[in-house]
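I've put the structures underneath this note.
Two complexes follow with chain A in common, the first pairing it with chain B and the second with chain C.
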Partner chain A sequence: MTTLLGWTRSGGRLPPGCLAKRMVNGNLVEIVAVSELSELRARLALLQKCFRISDGFLPAPLGHDAMCTDRMAAAFERIGDCGQFSLHLHFVRSDEGAATAPTTGRGFLRHRRQSNSDARKARTVGAEVLRDISERLKPRGQSLRPIGTGFAMDLLFPRGQEASVRNLFSSGQLGVDIHLGQLVASGLWAPVGFAAEALAPDG
Partner chain B sequence: MAERRPLDMVFATPEDALSARDERLVDLVDGLLDHGVVLHGEVWLTVAGIDLVYLGLSAVLTTADKIQAGPGAA
Partner chain C sequence: MAEPLTFDLDKGAASLRTALSAAAGPDGRVEIDPETIEQDLARLVLGLMEFIRQLMELQAIRRVDAGTLTDEEEERIGLALMRSEQAIRDVAGQFGLDPADLSLDLGPLGKTI
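Now for the complex of A and B:
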């Protein structure tokens, strides 16, 4: 059984460990791994190598193998020349609450409710922080989702803008004057998040 | 009151994230691989400032194959 990695335009180069399996939809080539990849992390690493050297690479969603060809071709036209930067905003956990946590039942419930309220406020601010960053960067697409301790956002950019966006992140020019947590940005990834949305069976 | 300071920002390449042991970067890769969502809600019944009843509900929303793969599946 082979592992589907994605699609690219015919005639493009492929990294070691990958091969072009067949033509689909006229001028697109289906790329598969030479050997089966049991771990999604290994699949993501190989998919990233394809993205680095292939022209207009569209990754296959990591959770599914079967694709709708028409939908895949449309997604290729929209995001095939793009990559994504991924942002993860983690909130700082304060130790003040632990030190003053009450031991009585009623006090515990009230304390728990206050903690949850504070966490909700922090998440609201966190979402606004990421939206504000997105507005300044003006990506071609964006996807915001909650994670355990904060928010994550994927931003879609044409490959030609990679250097300028990367420079903004690494230079700290997007610094936000708020004591909230830590923002980790990484990229440029193959557009795995946007491909998953565009190629979802019910999307 | 917490001291105001710029949001701490870190930038990493995909290669950094894929090979890192740093929990923050590992979380980031896991976020790319996992599209599941956890929903949590709670209801409080309070009378005259006294908390009487707490109802908490949690739900996991994810793809069927991910759930059927069982714990530990990526």
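Now for the complex of A and C:
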């Protein structure tokens, strides 16, 4: 059983460990791993190699073996020449590092009520912070979602913009002052999140 | 006598169904690794218990805010919730699970904890 990695333009370079299996739509070829990949991180590593080495790459969503080629071709047109940066905003809970935990039942309920209230405020502010960053960066696409301890946002950029976006992140020019938690930016990744959305069966 | 804590059974049941579906594989079956079966089952069961405990906690906080509990009731309910949280964490620890491990992924709905 082969592991489907994604699609690229025919004639393009492929990293070691990958091979072009077949033409699927005009000038696109299906890329698979040479050997079966049992670990997700090995698959992710190959996705990244394909993304870095090819001029255009659309990663296949995990678990998708067969694909509607029309939808795939449209997704490649829109996403294939892009990469994604990911932002994670992690809230610092008000009780993190607290010296004393509540010892009474009433104290426990009041403490939890305060924590919940703080978390609600942080969520509201956090979502606004990330939306503000997105507006400044003007990505081609964005996806904001809550995660366990905060928010995650994927931003889609054409590959040519990578350096300027990275510079904005590293230079602090975004002017974001995060008191409520930690903001971590990572990338550039193959546009896995946007590809999964574009290729979803009901997408 | 203290009025018992209640929560919407229909909503609770729907949440549980979603949690169980999320724990299942693409074919609808729960995926269990024979090598880690005890830990996997403990994670599922304790995750559901913690999820229900948190629903009860939210309901208790709503009742405190609404002023429908006496001081004594607040103390007793709060103590029960606090000790049940500690008990769940203790049992989880015996299976090598951290509190964060009890979070069940509900897909687009996010995580239970």
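Here, the second predicted complex is superposed on the first by the 190 of 203 C-alpha atoms of A that agree within 3 Å, B and C clash if a C-alpha of one lies under 4 Å from a C-alpha of the other, contacts with A are read in each partner's own complex, and residues count from 1 in each chain.
The rule we apply is simple: contacts are C-beta pairs under 8 Å (C-beta built on N, C-alpha and C of every residue); 3 or more make two chains touch, one makes a residue touch a chain.
Computed from a predicted structure; not experimentally measured.
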| item | value |
| --- | --- |
| Partner chain(s) touched by A:A196 [first = chain B, second = chain C, both, neither] | first |
| Partner contacting more residues of chain A (chain B vs chain C) | B |
| Chain B versus chain C as contact partner of A:L37, first or second or both or neither | neither |
| Contacts of A:P102 with chain B and chain C, given as first, second, both or neither | second |
| Partner chain(s) touched by A:I147 [first = chain B, second = chain C, both, neither] | both |
| Which of chain B and chain C A:L62 touches, first, second, both or neither | first |
| Which of chain B and chain C A:R113 touches, first, second, both or neither | both |
| Set of chain A residues, in rising order, touched by both chain B and chain C | 63, 106, 109-110, 113, 116, 145-148 |
| Residues of chain A touching chain B in the complex | 39-41, 44-45, 48, 62-64, 86, 88, 90, 92, 94, 106, 109-110, 113, 116, 129, 145-148, 152, 166, 169-170, 172, 174-189, 192-193, 196 |
| Chain C-facing residues of chain A, complex | 63, 102, 104-110, 112-113, 116, 145-148 |
| Chain A partner contacts - residues on chain C that touch it in the complex | 26, 57-58, 60-61, 64-65, 71, 74-82, 100, 103, 110-111, 113 |
| Chain A partner contacts - residues on chain B that touch it in the complex | 2-18, 24-25, 27-29, 31-33, 35, 37-38, 42, 44, 50-51, 54, 63, 65-66, 74 |
